[in-house]
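Heads up, the next two complexes both have chain A, just with different partners, chain B and then chain C.
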Partner chain A sequence: MNESLGDTGLILNDPLLWEKGKKGRCGFSLPRRDVESAPLREDLIDEGPDFPDLSEVDVVRHYTRLAQWNFGVDTGMYPLGSCTMKYNPKINEKYASLPGLAGAHPLMPADLSQGALKMMFELEEYLTEITGMDATTLQPAAGAHGEFTGMLLIHAFHVRKGASRSKIIVPDTAHGTNPASAALCGYRPVAVSSNEDGILSADAVAEVMDEDTAGIMITNPNTLGLFEENSKEIAEIIHAKGGLVYCDGANMNAVMGVVKMGAIGVDVMQLNLHKTFSTPHGGGGPGSGPVCIKKHLEPFLPVPRVVRDNGTYVLAEDYPESIGKVQAFHGAFGVMIKAYSYIRRMGPKNLNKASQLAVLNANYIKERLKGTLHLPYDRPCMHECVFSDKHQAAQKIATMDMAKRLMDYGFHPPTVYFPLVVHGAIMVEPTETESKEDIDQFIDAFKAIVNEAKEDPDLLRDAPRSCKVRRLDETTAARKPCLAG
Partner chain B sequence: MKEINELNLPDDLRYADDHEWARVEGDKVRVGLDDYAQDQLGDIVFVELPQVGDTFKQGGEFATVESVKAVVECYLPVGGEIIAVNSALEESPELINKSSYDDGWMVDVKPTDLSEIDALMTSDACLEKLKGAE
Partner chain C sequence: MLYLPHTREDIASMLETIGVDDLDGLFSTVPEDCRFTGDLNLPEALTEWELNDHMKALSDSMATFPAYKVFMGAGSYEHFIPASVSYLLSRSEFVTSYTPYQPEMSQGTLQAIYEYQTLAARLMGVDVATASHYDGAAALAEALLMAARITKRRKVVISSLIHPLYRRVVQTYFEPTEYEVVQLPYLKSGTTDFAALDDMDDLAAVGIQSPNFFGCIEDLQAIGEKTHDKEALFIASFTEALAYGLLKNPGSQGADIVAGEGQSLGIPRSFGGPGLGMLGSRKKFMRSLPGRLVGLTKDLDGKRGFVLTLATREQHIRREKATSNICTNNSLCALAAAMYMASVGGTGIRELARLNYDKAEYLKAELKKAGCIISFDSPTFNEFVVEFPSGFEATHRRLLEKKIVAGLCLAPYYSELANHYLLCVTETITKEDMDTLVSCLRSCFQKSKQA
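For the complex of A and B:
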């Protein structure tokens, strides 16, 4: 297809439901009353919530129209760096909607939930194997919740040793949530700069590591899309002073079946099922952030844990050193089924292949766009590559203008202005989902945009032009937010 | 964004590494963000200021500024006690963008040691540093 993807399409306006409602309209009809009328209990009588009166077709059209304004990975390429917006195979949905699983109630006794518990048990085993760790908890609700759970485990470990440590080392190429998770657990994050190659040097860590530091949080591969090559040496430095190594595994999509995190000194890490393991991400969530650990942290894992006892699965609570529950019931169960389905459908060989293709795709984009866009770290990347707007500064075109213009070409913009170590960052993560043809079309679109920046920069400053909504006034939205249904 | 030669860095101010400015006004020092900082940050949407009476060392984190692009901490260019804050920034954080050296000032400090100001950059030194970083 030579034609650009971007088009206006058949997009219809629709008001808020509250503006659309007409008194007396109704979406259902009650059957004729066949019992005696009785007064309502006093305490149940109220004005009721402010819901609009709508017919069924009003509601269906409303949400269908909103869905047509939307863009998702089912619509097109979604190269949002650091987010792994890979395609969500529909077979995952099929399994998650099996009545026995979809209808399972978390309060059902274990002997009536053997299938669900077995699935959880096996998923824990698979994730443990993929990461090269010793055990896994499925409870955390998403990535940052997993980080926080990891911090609680590290804290519990030090408390048992009778040590009170106050700091956590966080490099500038870590995910932005890392310092927040450490701080939420009461630790003071200590920033360390990456070196000129965009990775962390062992010396920089040795300089700040001391006996008051509980550990380090490394995002690996990091937010520049680079593998932290000194991880093992860094882990040795941390361990020598009694600290622990936390790995933010959100970028695991680059290294499935390639790197055993447990073998390079990682003590605890989280996985994002909604990234690496193909479950819906963003508005399609919810997320799920299992935490994998090494043996020495096992006593502290959240309860209840799924345990196999003579061929039956039980929920075991008797772990006196556990940090307790971190989630109501057992976690995002529906998401677990989808991740389980993905892992089983793929098998070890294909998971490995997915990582290889994700890395290949990112490197292909990096090589083909590096003359067009400034590439601050020109070395082989992992699953994502980071450009900047430096070459466009002369035309006063910034990253944001190019990102908005990409929407006119039919692509979801990449992540912008992150990581902070790259000024005007453009962070592209194609994932293994995209074919060469689709990636070429993305590259051609970017090249065309850079050309427009030279020849007709206002095209970019006014972008997007063909979307349902033109450029949003983010400033007023942030300064004077209008929050309404 | 502005080119370096388009920046407004008045001669009568001193500048810290993180682009806070300091102006001696009698026995107090007025502090704000310089033109480079406001330009780089873009539209500022929220400013969190300290309480009057708070004290900080030189380089202490005294405020947080949030723009549409980033959230940054601000570091006090001279140590001392906060004796006034620009509460107009609560309702109108854009004052830092529109008037970074006048209406967009952030705090007044009663300095512990006024000579700390000598360690800050002059506008020429600040410009040189920006050119070097290019």
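For the complex of A and C:
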């Protein structure tokens, strides 16, 4: 290959915050004191928190150096499967920090908050349309929070029917948040296995579905990057026994304008705005996990709801069957603005195009790497493809070694060891915003690494060599936890 | 479209490699009867220029500081954010990275969150703080569930002076569980009446907010002791993190778990979110904590480094047996808080918090002089409850026309508190603003007397 992306750079060390600074420094312009000091009961106070005192320059250098030890989508390709690390448009950031939006108090009267409410109302409409559902709540703060909200809605639905059910079906390919969200709502997850094609068969679902089962949580496209082809039939089986279908919509990026989940039997689903709708992941959040539902679940949606009344927007509280609230206020409004702006910039055709190109990129990688890496399910994939380290077993090279070596080549590794049904999984999700050249470079890097595995495997075992640190001792970190300095 | 880099030639050659004829052919595994064939009914794409105008119009319609003088906190506070914090926070290496699953490539996020955990733990007075939660309300709900898991008991008690919307979130989280939530009433002094604890048994936890929803500072020490007598866990909650720049922290007064909202620490109000759920505990309960934790370790060369740790508590390992379902948290908000705490510093945060206290005391005194009643006599931090003359609603509306928000009406949350308003003063409110509020109130009262 040509010159690799990965190179060395000047990386500066910087100590921990409290190892820097000097008492008496301040990096904050304290407002003028224009009132006198008032009496304060001495027993209420002590010496205050033990924070270091730093100058503005201390703080700026510190975080600038830390930033340089990090890798983001803006640095390079980040094909982390299941995470949809697409480009985060810069204009969205600008809108989220507009003073009227960033400075808005959540409890201001509705007539003084029309812009925010209009945006939320319209975003709900857009998401409802994209998913083919009937209504949307924007309140949940992330994907898992949306799953939990969805479980609460399902629970409320069954309670109203007079019989709360105790179980829920969760396939073995599901993300860990699915069973955890179900359990948080008091449901016992019942596992079903995917078939030899990597998807659910209707028979497997029919076997476990009964009248004590609240429904099914199904990720579509699933975490193997495959479309659940039997989803309609599965929904019929679930509905016939009075259950509901929850769809984990974290992978919606594959099917915008291609599949409307509302039309294939889904009753409730969440979207991850921090995946499909381009909002940045911020090193772990904040996200936003709107929940879209069909009519029969609408009475249970969280409050307040944004309602349009004669051209003005109001916050309506009067829903006696509502599950209540999952966030103190309206959810991650600042994140919603970015998703809204993304949808407005893209329009219907480009959203559909984005899904097509995401699927194109993933299938291209699958085709070009399948001779190099083991491909457990050799079928057309959606937005991501899952390989394994089976071919490297002979060289005693594991997925993790290849992942670490990719860093030296200047790429963030794919998701590794997930989904659990593939041993040594390597889950690649390029997203639509990677160009063919960048993808070719990634493929070449992976091929070069697989070659190195044969010829000089220590290069992989020793990797990475070009990051701020080498491999870290995670065992000791967990055995003798040091969580604060 | 500028976010989609593929040229026609790229697409053609990639399709050829894959062996399908057109983009539609990529979706052959989607059964015909699952396909949507129409066009999505969404507004047509806008250019950046067009969208600028649209977004500006949305923003301009909002009533916000500084055009409006907002004497309203109630869980969302206006504080100055240093330009350096907003600037550093926009570094795209922080903004556009994922959860730090690959530590060698994420040392920036990891060290920053480790530092956040440390400063957050010092602020709350606990041994361990998590990497963040969705918001203060969700953090409180998770803390109460955690206590129920640790004690294996079914009843949790919370003060009626915990933020009403937080209590609503707690109710929602607890509704499908086998646990019961009981509320404690409040006293005339504006603090929690915990006498009823004497007659309660088999408690998992007692949850108290301080400063409470009325802004009053609770006697955490006393409630903590009573809670421990009952062998329950003591959970302290807060909505105004800045208070602990001045007040004794909850941990030093016996709290076992502390959960609250960190929005005040460098995070814009943003119509209520995203905020920062802060959660921490004594070391003893570390392995029962929900959410992500960053720990210190070494690399192969013995160099200092950081990793996500104690993952066996989490959903991706334990699935339904995890301590929580949380995955994505509010990492960038935690980073903002760390930058803010580092910028303000130990000396600065104390001065800043004291300024908040002093300003609120000034307004209290001026309102008293104008004939208003300060409803509760317990000490407060930067919020307090005022009882205005009856029919104050109309005055409140008239003040809104003058771009003054004279606090939050409490009647919808506490029906017994007609004409009571919760007012807030932070360092962003000047003496002049307060004097304007008081003189407007005076003239309104005057007019209504004459009328």
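As a convention for this text, the second predicted complex is superposed on the first by the 460 of 485 C-alpha atoms of A that agree within 3 Å, B and C clash if a C-alpha of one lies under 4 Å from a C-alpha of the other, contacts with A are read in each partner's own complex, and residues count from 1 in each chain.
Everything below uses one rule, namely that a contact is a pair of C-beta atoms (placed from the backbone, for glycine too) under 8 Å apart; a residue touches a chain by one contact, two chains touch by 3 or more.
Bear in mind that the values here come from a model prediction, so they are computed numbers and not experimental data.
Asks: So which one touches more of the residues on chain A, chain B or chain C?
Replies: C
Asks: Would you sort A:Lys396 into first (chain B), second (chain C), both or neither based on which partner it touches?
Replies: first
Asks: Please work out whether A:Ile218 is in contact with chain B alone, chain C alone, both, or neither, and reply first, second, both or neither.
Replies: After superposition on chain A, A:Ile218 lies in contact with neither partner.
Asks: Report for A:Ser435: first if it touches chain B alone, second if chain C alone, otherwise both or neither.
Replies: second
Asks: Once the shared chain is lined up, is A:Val386 touching chain B (first), chain C (second), both, or neither of them?
Replies: neither
Asks: Have a look at where A:Met133 lands relative to chain B and chain C in the superposition and call it first, second, both or neither.
Replies: After superposition on chain A, A:Met133 lies in contact with neither partner.
Asks: Go through the superposed model and pick first if A:His155 touches only chain B, second if only chain C, both, or neither.
Replies: In the superposition, A:His155 touches chain C alone.
Asks: Intersection of chain A residues contacting chain B with those contacting chain C?
Replies: 474, 478.
Asks: Please output the residues of chain B touching chain A within their complex, sorted ascending.
Replies: Spelled out, the residues of chain B in touch with chain A are 1, 43, 45-46, 66, 68-70, 93-94.
Asks: Touching residues of chain A toward chain B in the complex: what are they?
Replies: Listed in rising order, the residues of chain A that touch chain B are 393, 396, 398, 417, 420, 474-475, 478-479.
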